Amino acid sequence: MADEMKNLGFARLDMSREERTGLPETIYCPGKTIEQLIGILRVFSEKGTAVLGTRCTSEQADAAKAAGLSVTYDALSRTLRLDGPAPAELPGSVAVCTGGTADIPVAEEAARTAEYFGAPVERFYDVGVAGLHRLIRCVDDIRRAHVVIAVAGMEGALGSVVAGLVKTPVIAVPTSVGYGASFNGLSPLLSMLNSCAEGLSVVNIDNGFGAAVQACRILNLIRNHHE
Amino acid sequence: MADEMKNLGFARLDMSREERTGLPETIYCPGKTIEQLIGILRVFSEKGTAVLGTRCTSEQADAAKAAGLSVTYDALSRTLRLDGPAPAELPGSVAVCTGGTADIPVAEEAARTAEYFGAPVERFYDVGVAGLHRLIRCVDDIRRAHVVIAVAGMEGALGSVVAGLVKTPVIAVPTSVGYGASFNGLSPLLSMLNSCAEGLSVVNIDNGFGAAVQACRILNLIRNHHE
Amino acid sequence: MADEMKNLGFARLDMSREERTGLPETIYCPGKTIEQLIGILRVFSEKGTAVLGTRCTSEQADAAKAAGLSVTYDALSRTLRLDGPAPAELPGSVAVCTGGTADIPVAEEAARTAEYFGAPVERFYDVGVAGLHRLIRCVDDIRRAHVVIAVAGMEGALGSVVAGLVKTPVIAVPTSVGYGASFNGLSPLLSMLNSCAEGLSVVNIDNGFGAAVQACRILNLIRNHHE
Amino acid sequence: MADEMKNLGFARLDMSREERTGLPETIYCPGKTIEQLIGILRVFSEKGTAVLGTRCTSEQADAAKAAGLSVTYDALSRTLRLDGPAPAELPGSVAVCTGGTADIPVAEEAARTAEYFGAPVERFYDVGVAGLHRLIRCVDDIRRAHVVIAVAGMEGALGSVVAGLVKTPVIAVPTSVGYGASFNGLSPLLSMLNSCAEGLSVVNIDNGFGAAVQACRILNLIRNHHE
Amino acid sequence: MADEMKNLGFARLDMSREERTGLPETIYCPGKTIEQLIGILRVFSEKGTAVLGTRCTSEQADAAKAAGLSVTYDALSRTLRLDGPAPAELPGSVAVCTGGTADIPVAEEAARTAEYFGAPVERFYDVGVAGLHRLIRCVDDIRRAHVVIAVAGMEGALGSVVAGLVKTPVIAVPTSVGYGASFNGLSPLLSMLNSCAEGLSVVNIDNGFGAAVQACRILNLIRNHHE
Amino acid sequence: MADEMKNLGFARLDMSREERTGLPETIYCPGKTIEQLIGILRVFSEKGTAVLGTRCTSEQADAAKAAGLSVTYDALSRTLRLDGPAPAELPGSVAVCTGGTADIPVAEEAARTAEYFGAPVERFYDVGVAGLHRLIRCVDDIRRAHVVIAVAGMEGALGSVVAGLVKTPVIAVPTSVGYGASFNGLSPLLSMLNSCAEGLSVVNIDNGFGAAVQACRILNLIRNHHE
Amino acid sequence: MADEMKNLGFARLDMSREERTGLPETIYCPGKTIEQLIGILRVFSEKGTAVLGTRCTSEQADAAKAAGLSVTYDALSRTLRLDGPAPAELPGSVAVCTGGTADIPVAEEAARTAEYFGAPVERFYDVGVAGLHRLIRCVDDIRRAHVVIAVAGMEGALGSVVAGLVKTPVIAVPTSVGYGASFNGLSPLLSMLNSCAEGLSVVNIDNGFGAAVQACRILNLIRNHHE
Amino acid sequence: MADEMKNLGFARLDMSREERTGLPETIYCPGKTIEQLIGILRVFSEKGTAVLGTRCTSEQADAAKAAGLSVTYDALSRTLRLDGPAPAELPGSVAVCTGGTADIPVAEEAARTAEYFGAPVERFYDVGVAGLHRLIRCVDDIRRAHVVIAVAGMEGALGSVVAGLVKTPVIAVPTSVGYGASFNGLSPLLSMLNSCAEGLSVVNIDNGFGAAVQACRILNLIRNHHE
């Protein structure tokens, strides 16, 4: 098992993750001080590899830029990308769907993470089940993708409906979009877990990143299986 | 306000409910001893009015029959009906839909309650969203109804999808069908409350009866409005 | 099925909703950027139809005004109305009741939405059950309405008490008014779902909008039934 | 502080509770083996004092009788009384009200406990808020009591409505009567805790016993204050 | 039943509460606009009666003063008192105890409400069960009170321990003091409801006001019983 | 879209699911009467296709056999298989791991469902994280699988640990194994959703079936991608 | 690291746990078939070591005896002990306290597990905080123990009170004793986690076993520190 | 029992805690006004003893410094230390481990509290189970400690994995690190309570302080046992 590690005291960096898991390194930014985050980014910068930071605040991003690091920040998806060599392209493609407009930030976290990992992504936004004709018009396009990421808040029914319409694995992402009895995403989380449709698995509330990793592990599997 | 009441000690019977609310009397059977239930039925039997008991066990029903009361029991819906004059027919009709086969007992409680109140009922069972073509084939028929009762467990997406397809009021009934993270119906309850579709209101888990009362109050309104 | 749609990328607008559902278009404002909201309003402005935005912040409203759109904002109910032709008046009327003064913002969301849809509305505020004589003095007036919307926080008993006093359908709206064990509206939500009174159905916590849609679908049904 | 204690190994009996708290001894029967329960009853029997067991099963009661103890069992309230001298009568009286028939077992636990402690009790059963005229007819009688115990399941609105109608302290007892979103009594518990009415305090779900103790401590206070 | 009412549109003021319930009027301030609050205060000011506002913010209080009303504000307990004739003194006394220092604001809401109603109050602060000797040193003083209000957050054990040491009714107030698994007061709320001690009833989390009303209804009962 | 359907009244059978989704038909047995289940099995028997019933009770299985249907029942996994042509073998393989012995029934539901769909399955039971050496000894074998299903109750840490050790997608199945604060599987469900490891998605508590469908959709994708 | 393992297919037995952790082997019996349990016991029997099974049903115990294994079963604590050499005695002692009689089965699980591990145990049963004098009489004896295990249901205040009275580590075990708002042990669990007393840590609801292991690890530490 | 107490009105200071419990005094800062906190610090300053304040805000710390008190503040761990004589060193050592970087503030609260009590502390940060090789590299060092404090958020698996690798008692601290379905630390709390590993006990979410007290009571026990 490849397990090179760099111990910074506050963090032990996994320097051989790509070799071990097939997907490049990422950083979970919350709870890291600006000094810690910059310290971590420098290690990767010196190593010459790209890295993606998720849930990055604009303050963290600004500080990274001010420290002279070569980074790109996307405020909508809260992702920070340290420049580096592009990953090998993954085979197949990922469809990212949302129930509504308010789910787009989570969907973009998924889409940009997948793109960082080398996956082609197609976006289908605001296709929630309240107006079924919106979804039905896209269904042939969605079916062409190899993995579907269904992002929805409120009652989260998009996951079930999509999983019933396609052959491919569907990864459902509940979002905290909603109010009252959505209890910050509990409602769509339970919906997706209890789906009467098959072929659906679920990640944490607002976890676009996790859905993208799972999608890319699947695409990676296709690549590896036929090499 | 019509408020004739008969006090049996353990129960105070509302003898003028039909006059006051437009809908005939019903009995909630759980927690009543067999003696209490028979006592209540006798009061209505002597008055010469029909009455519907809900959530009635087969033991309660058998005891009522053994006591010489003229009753009919339906085990699937757990309803017990004391014979009496048929109610005036309500205008319009009620569509009762279910997500799956296991939701039928709750749907039948709704359907039989509505029929007891005088409403014509049409049943659309096993039209859940995992196989959308099942629902879409029925949608023109469902649209013809005046009120729709959507009964579903698991993730309860049926309510949202139906409400997006019809013009009429939809009353959603979450059921305790499911397991694990359905938490005995919490999952479809939250889904239905958080529906991104409009035109949906919700009753308690497994409360087919309550949905039927609400539907019949609506039909009654049509009748009253034009008398 | 009328299903004209306009795809803005971040939103797919349902341009034929009024034709399909009998009620005009509305916009759920949360989670939409100012640019997105203005983009959507422009589409309707150009089409020449009115539209109602709910849960609109004052920042969103100010931006819409600054963008030259002809809109009216009501801060209490957080509704934003794009000017346009008035809807056809609905038959019947809606009574909107609140338990207390603090429930009025939610009640006003319901009342203004119903008015936007063309329904006459009568308001009965601060008639909670702790001082029953306040409610009893209004009960004859409330009974004259065709649909009752009962808005209450804390223990939410207003729904049950009202539903026991009227013949018409009651739509109960739990509010997040309260503290401690109200758990942001969970307490009145559960109360309303478990009502021992009949003829009550429930919408999401603080969802005045949803109650109004359901009420207007009912009034619309009266209109359609007799056309 | 009077603190005579008898240690049976599995239980340390408080032999001077009446002296210390003003109210005689009681036994919580669940989780005690038949041998343990009989052992405890014997201690009190030998001491010559009465004692009341609550939540006693019929098996426990039968075993106590078979062991030759002079006990009386009431199956409805699940109370077992070891014969002994009657307590001094408490001043004032307790009104015990229920929302419905199914709440009566809990109400009887309260009523019989209060009677065991020497309090006069008046019962008002099935006066729930869904048919307000039932309650209003009794309200003058209820007002004559010194303490009111309001027992209700489902949405538990009885507590609020009663507390708004009387001057005396109201002790609310939520019951597990109901189904679905009552979550075994959580719904009326939250209702009673969040009451918009004043003068209401709450005990555990189905805890008729605890309500009676609180009521009798209040009556005892009247007695002591004027001795 | 005395039921004089004044309808301000946004509020229906109960002008005869003291006559009906024996305790003077109070105002729940949250969710009222400054205009509404001042409007209500003016009604009572013109009537010449005192009134107590609870959970009043300093902004509300400042505005009331600026409007020329004769009010006194206590920031710790968040109570606002409109000057007026002092109430008749209640017989007996109330002991207000807290587990810790952080519970004092809730305790002061209870103490000042009780004092407003005319009850003598004695305070026992920071007597939590972690250092039992602190409580035991006060126990003889606490026993002299007629009603005990036990205010505690975290695990809320104070209620049980105190109820086991006194003869009088104990009203337990859980507070939101704590963090993590206290879940904003759920932990002490459940503790107090499940107390193994007798003679305890419970009000909402942080509801010092409600505890004081219940305590004063009890003292009022002593007064009335012997008039 | 292939959408042949057979309407039995209580169920609408999806006769072209294999064509549409790539995986053969299955039946969810709970909530179906014996008559309903046999009716459904007969349809498939007459069509000459195999079908797998999940969560089947021994009573249902015995009745199916008694009705002359050619079925095989496995009590441990509660699966019932109607004999029929074997499916085409899927490429790759599925590793099914459990934390403990008590998780095996859920794991077997997953394993037998995957085998019914044509996937080779390897079992790794009782490799929970409390004794890490048990898992580490198997890790090279687990890595050879194309998809990993990690089944665990109690704290459900197996999912995280496995996902950190392999490159392939991991589907985590929380089980209801445990007691107390596992709250019937809530604990492992939350653990798996909050995993700090990447490459993990989650299905419902005890939903071995759902994990297998997701795994086989992934394997099916490999097949389809290269045809 | 000592890591001898025996793989039975359904279970991988840790044959060197005593060497690795200092405490002998135990078996968690739930979810194991009788055949599996006997198979595991035989492995240890053949190895000649004692083993303790917890949460063992009487059916499992009877089957083990019938299979000729030399075992002892204690129904109260649900422990099954396979005979074998006694462990070396641990230094110090463990005090096991309960709030009430109904907590004794959990306490006995703790006590017998600790005894199996070689720790001297002293029992203090029914010393709950409702009658504080019962606890205070024992406190000098409890202080002499090296570790205290505090077992309590209902509100679980025993943990806090004891931890405030002793210098030693206290391990608190919430039990499912109680009803209503104890929510199967949630109430004492939260109490113990939120204790205002220091020196308390908590194990799962009803987990007497886990408390004993932690206590014995502590005693083992004393032994090891001074060898 | 040593029980010297100083009553400040708002707080009753335990002046003999060290004598009674073996560990010096600490202050829980939340909910204390700046005046109260300074008042308490002055008492200890005058007595000449050190004291540690936990969860201290920077405002509180600045005010203490401005008041002329000799204090040291650590912002990361939110601890404030009043200078005073160093405690006697405790025997043995404490290992403090974290799952990730974001758990460090809680870990530092534990570490600094333990150091204040006289315990040697070794830190192992960012050794979470997603990259098991990070933990395995430290395991021999962790085993050398006498007590292990395992601090982790998200799924909190660190506790189980560590407890399975060491002989010593493990005290698990769930943290509120995470989002979505971590529900502010509920997820790791449940994980740690349901651990399949033995030798683990748990404190409140984010309660590094409580873990340190428990650890030091254990070390103190070693000291006392051999004096």
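For clarity, chains are labelled A, B, C, D, E, F, G and H in written order, and residue numbers in each chain start from 1.
Note that in this section contacts are C-beta pairs under 8 Å (C-beta built on N, C-alpha and C of every residue); 3 or more make two chains touch, one makes a residue touch a chain.
Quick caveat, the model's predicted, so the values are computed rather than measured.
Looking at chain E and chain F, the chains in contact with each of them are G, H. Interface note: chain D and chain G, two copies of one sequence, contact each other through mostly non-matching residue numbers (shared numbers fall below half of all numbers used). Think of it this way: of D-E, C-E or E-G, only one pair shares over half of the F-G contact pairs by residue number, and it is C-E. The chain with its CA mean position farthest from that of chain G is C.
A straight line joining the Cα centres of chain B and chain F is 36 Å long. Our note on geometry: chain F versus chain H, Cα centroid distance of 44 Å, whole angstroms. Once the centre of each chain is set as its mean CA position, chain A and chain E turn out to be 51 Å apart.
Those residues of chain H in touch with two or more other chains are numbered 1, 100, 131, 165, 180-182, 186, 189, 193-194, 198, 204-205.
Contacting chain pairs in the structure are A-B, A-C, A-F, A-H, B-C, B-D, B-F, C-D, C-E, D-E, D-G, E-G, E-H, F-G, F-H, G-H. Within the complex formed with chain B, the residues of chain D that make contact are 100-104, 125-127, 131, 133-134, 137, 177, 179-182. Those residues of chain G lying in contact with chain E across their complex are 99-100, 128-132, 154-157, 160-161, 163-165, 178, 180-183, 186-188, 190-198. The part of chain F that touches chain B in the complex is made up of residues 1, 3, 5, 9-12, 14, 17, 28, 30-32, 36, 55, 174, 176, 184-186, 189, 204-207. On the chain B side of its complex with chain C, the touching residues are 1, 20-23, 26, 91-92, 146-147, 165-169, 171, 189, 193-194, 198-205, 210-211, 213-214, 217-218, 220-222, 224-226.
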